[in-house]
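Letters are used for the chains, namely A, B, C and D, taken in the order the chains are written, and counting of residues starts over at 1 for each.
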Amino acid sequence: MIDNKNLLTREQIAACVAKDLEDGWLVNLGIGMPTLIPSYIPSHCDIMFHSENGVVGMGPPPLPGEEELDLISAGKGLVTLIPGGAYVNHIDSFAIARGGRLDCAVLGAFQVAANGDLCNWRLPHQKSGSVGGAMDIAAGAKRVYVMMTHTTREGDPKIIAERTYPLTAGGVVSKIYTDMAIVSVETNELVLEAVAPGVTPDDVQSATGAHLNIEKVQEIQLNL
Amino acid sequence: MIDNKNLLTREQIAACVAKDLEDGWLVNLGIGMPTLIPSYIPSHCDIMFHSENGVVGMGPPPLPGEEELDLISAGKGLVTLIPGGAYVNHIDSFAIARGGRLDCAVLGAFQVAANGDLCNWRLPHQKSGSVGGAMDIAAGAKRVYVMMTHTTREGDPKIIAERTYPLTAGGVVSKIYTDMAIVSVETNELVLEAVAPGVTPDDVQSATGAHLNIEKVQEIQLNL
Amino acid sequence: MKNKRAESLEDAVNIVVDGATVLIGGFGPPGVPEILIDGVCDNKIKDLTIVTNNAGTDRSGVARLMDEGCVSKLVCTFPWAKESFIFKELYDAGKLQLEIVPQGTLAERMRTAGAGLGGFLTPTAVGTDLAEGKQIHKVDGKDYVLELPLRGDVALIKAHKADKRGNLIFNKSARNFNPIMAMAADQTVVEVSEEVQIHELDPEVIITPSVFVDTYFVTGHYEVGKGSKQV
Amino acid sequence: MKNKRAESLEDAVNIVVDGATVLIGGFGPPGVPEILIDGVCDNKIKDLTIVTNNAGTDRSGVARLMDEGCVSKLVCTFPWAKESFIFKELYDAGKLQLEIVPQGTLAERMRTAGAGLGGFLTPTAVGTDLAEGKQIHKVDGKDYVLELPLRGDVALIKAHKADKRGNLIFNKSARNFNPIMAMAADQTVVEVSEEVQIHELDPEVIITPSVFVDTYFVTGHYEVGKGSKQV
């Protein structure tokens, strides 16, 4: 069991993801942790955010006094529109999502399987879930990155050999950012790319339900 | 053989169709003869014209000096937009056409069969034809009215028991306006509704390749 | 020109009858026709099937509609949210049927109905519970789910402005499902914050052409999420 | 911010290579990117499959492209028109393949590609020659043709204005297929009459968001149908 103080904070994970988003990309951010990402995008880097409720070019929350109640994110927080942004209807918004125009979607997850299966819309014991746009976005984005804690609150691994939870989209996840590590989903294996400072590859392996290739592991550089 | 001087002019046929278009309708007009119709719509009657190239609320040709080269009809003539008209893209334009929002489409035809089959896009001897939007509009409009000469130049009937030309849309035509008569396509029969002044029901029947019910025939009232 | 303006809320919503399937615009609070919904509540309509993205926010809009017992079935994408506590209460008590549809598929199913199409093939939900019982087609070696049109008897939507012919424009992210639903119902009823003269809407910027609008009701501007008289 | 502005016509069109499938906007003369087409002609590109509504008007635009031998196949809706005499000449001489697609189906097939869908069911063309060899599906007792996505390697479109991010608005009926084609190709190249600053296009009135635009080339205004240097 690793020391909790070595786990990355949500903000640190967000910074790790932000570092991997490339200039010029259009990115969709899921509800929850992924919404922390924009703060960590360097200002010289032009990344546009797509919100599936029809906002292309979503900006940060409004300054006090400038709130527009008709301008929200998919997570229903008040947001702004960047210069050069545009409003679209739900059809065009999901044409963007499914049509391969999202360079990346960063989503939360309950489970990710070694083959890239994503489970994030319903827990097995629930009668139903809230799917929102997750299935469309996960099926359509060029890259799906997952951002989550490495294990459940009970300590069970969320990265596993085969999924046991209801599927959101099959084989779509290419990269996983957790509070312990960055894991890349390759064709035949999971590759441990980097670990948090103070966390060892063995720590990560033992908190993971699938085999990790640790040959090229590095340490995550934190600038926070 | 009837006297040609008793045949209706194109303008007179257009006036007959115009009389049957109802206040509040959205109407698509095919290329050729149907484009004469708008001149005969009474000014108190609010009929909107849809042009499949993205014009909802097409108005008459522009006055000299007011031409806009970017504003044309489906027949490629310069037109105008009525107040309250709107421009749409081809997807929305054909959503209107197929989606049942056209109260009526008035199209030309090579042949109409007794069951309402419409043939207007390709002659049998041609290797290919020009379909344009005819198949979508004919399949989607609430009513399809046909406007044509009663016979071919060679005197062959264009209203026939069973079509011999390539199909545009099956069973869609509900009314036929020709230079001799107005014929209604009913479930089990063709009903001769009205004949041109000086034309007898027998004249029409002998120029028609299918049986006509002539029990309720009237004479077309011309106000031209 | 047909006058599509309803002079009273009652006139605007009396097309909504017991048992109807009603498409209701909005994503979160923006774009929800809260006043029209109030009108349906006032009419004590029962057994509605409601198609809308969320399962209501707090106590107004769709939440009020459920709370007042007007709804027997909800078709939506995201029912489990803190602000949808009324839905949860009713669902847990077995008083509400629920159908979950992925958001892009929900929009596309309505557009398909509005565009006179018979269905579409989507990669969304392949291999998931939400594709159960649906046909799978392979195109170019990839699996797609066949999804069918979803049509409403009535669409209740919200727009920013209507001109006197019924052309509509929307406000920011309150656009969302509204223009799609306007196409997808037998009757489309719009609440608009503002009515303008015909020449005041540029034909280049009209989002919903008048041909998709049957009735509009002018509500004036009110604070989003506060439409309900119950609040 | 990525600079999508091409500084020369050559830079704008060098993505169009021999054998490519190219979607070309326009319905009749309005909305045809005549200058971009001139650029493709100048590059002496061969064996293009062109997807566009008409078979060219007089001697400019798509007509010039065919006339200069750049095209081996034309996918269109309305080839037989007086003004498409160059097409007729080439077709009759056996120098051009032709595929006719109903206009609504052509638009929808491109949108389907752009929207990441696998196909759609349409009532259009049921029972006709144009449905030959295609699957028929019955939905609610009615027959529909299954139509598949149509994607371009490149879309060449024409817009009225672009802002510096690449957002587009169009002019009147020159809108037509252009916004659809912008979605449906791997690379979308736009000729625009005018370039404006970012804040000059209201986000409510943008028809094609910048995410669908890869390159734009500013041509200035010219008389429709007279783009070609050959005229």
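We take it that a residue touches a chain if its C-beta (ideal position, glycine included) is under 8 Å from a C-beta of that chain, and two chains touch if they have at least 3 such contacts.
The shown structure was predicted, so the numbers you read here are calculated from the model rather than taken from an experiment.
Any chain that touches subunit C and also touches subunit D is listed here: A, B.
Among the pairs A-D and B-D, the greater number of C-beta contacts is found at B-D.
Relative to the C-alpha centre of subunit A, the farthest chain centre belongs to B. Taking each chain's centre as the mean of its C-alpha atoms, subunit B lies 36 Å from subunit C. Centroids of subunit A and subunit C (each the mean of its C-alpha atoms) stand 30 Å apart. Chain contacts: subunit A has residues 81, 87-88, 91, 94, 97-98, 139-140 touching two or more partner chains. Among all residues of subunit D, those that touch two or more other chains are 108, 111, 115-117, 122-123, 170-172, 204. Taken as a contact graph, the chains fit none of the simple arrangements: neither line, ring, star nor complete graph. Chain pairs that touch one another are A-C, A-D, B-C, B-D, C-D. The residues of subunit C lying in touch with subunit B in their complex are 1-2, 111, 113-117, 163-165, 167, 183, 198-199, 203-204, 206, 209-212. Contact residues of subunit D toward subunit C in the complex are 108, 112, 115-123, 137, 139-140, 142, 144, 148-149, 169-172, 202, 204-205.
Of all residues in subunit B, those touching subunit C in their complex are 23-24, 26, 46, 48, 50, 56-57, 81, 83-88, 91-92, 94-101, 139-140.
For subunit C in complex with subunit A, the residues that touch the partner chain are 27-31, 77-81, 83, 98, 100-105, 107-108, 111, 122-130, 170-180, 207, 223-225.
The touching residues of subunit A, counted against subunit C in their complex, run 51-55, 68-72, 74, 76, 81, 87-91, 93-94, 97-98, 122, 128-137, 139-140, 166-170.
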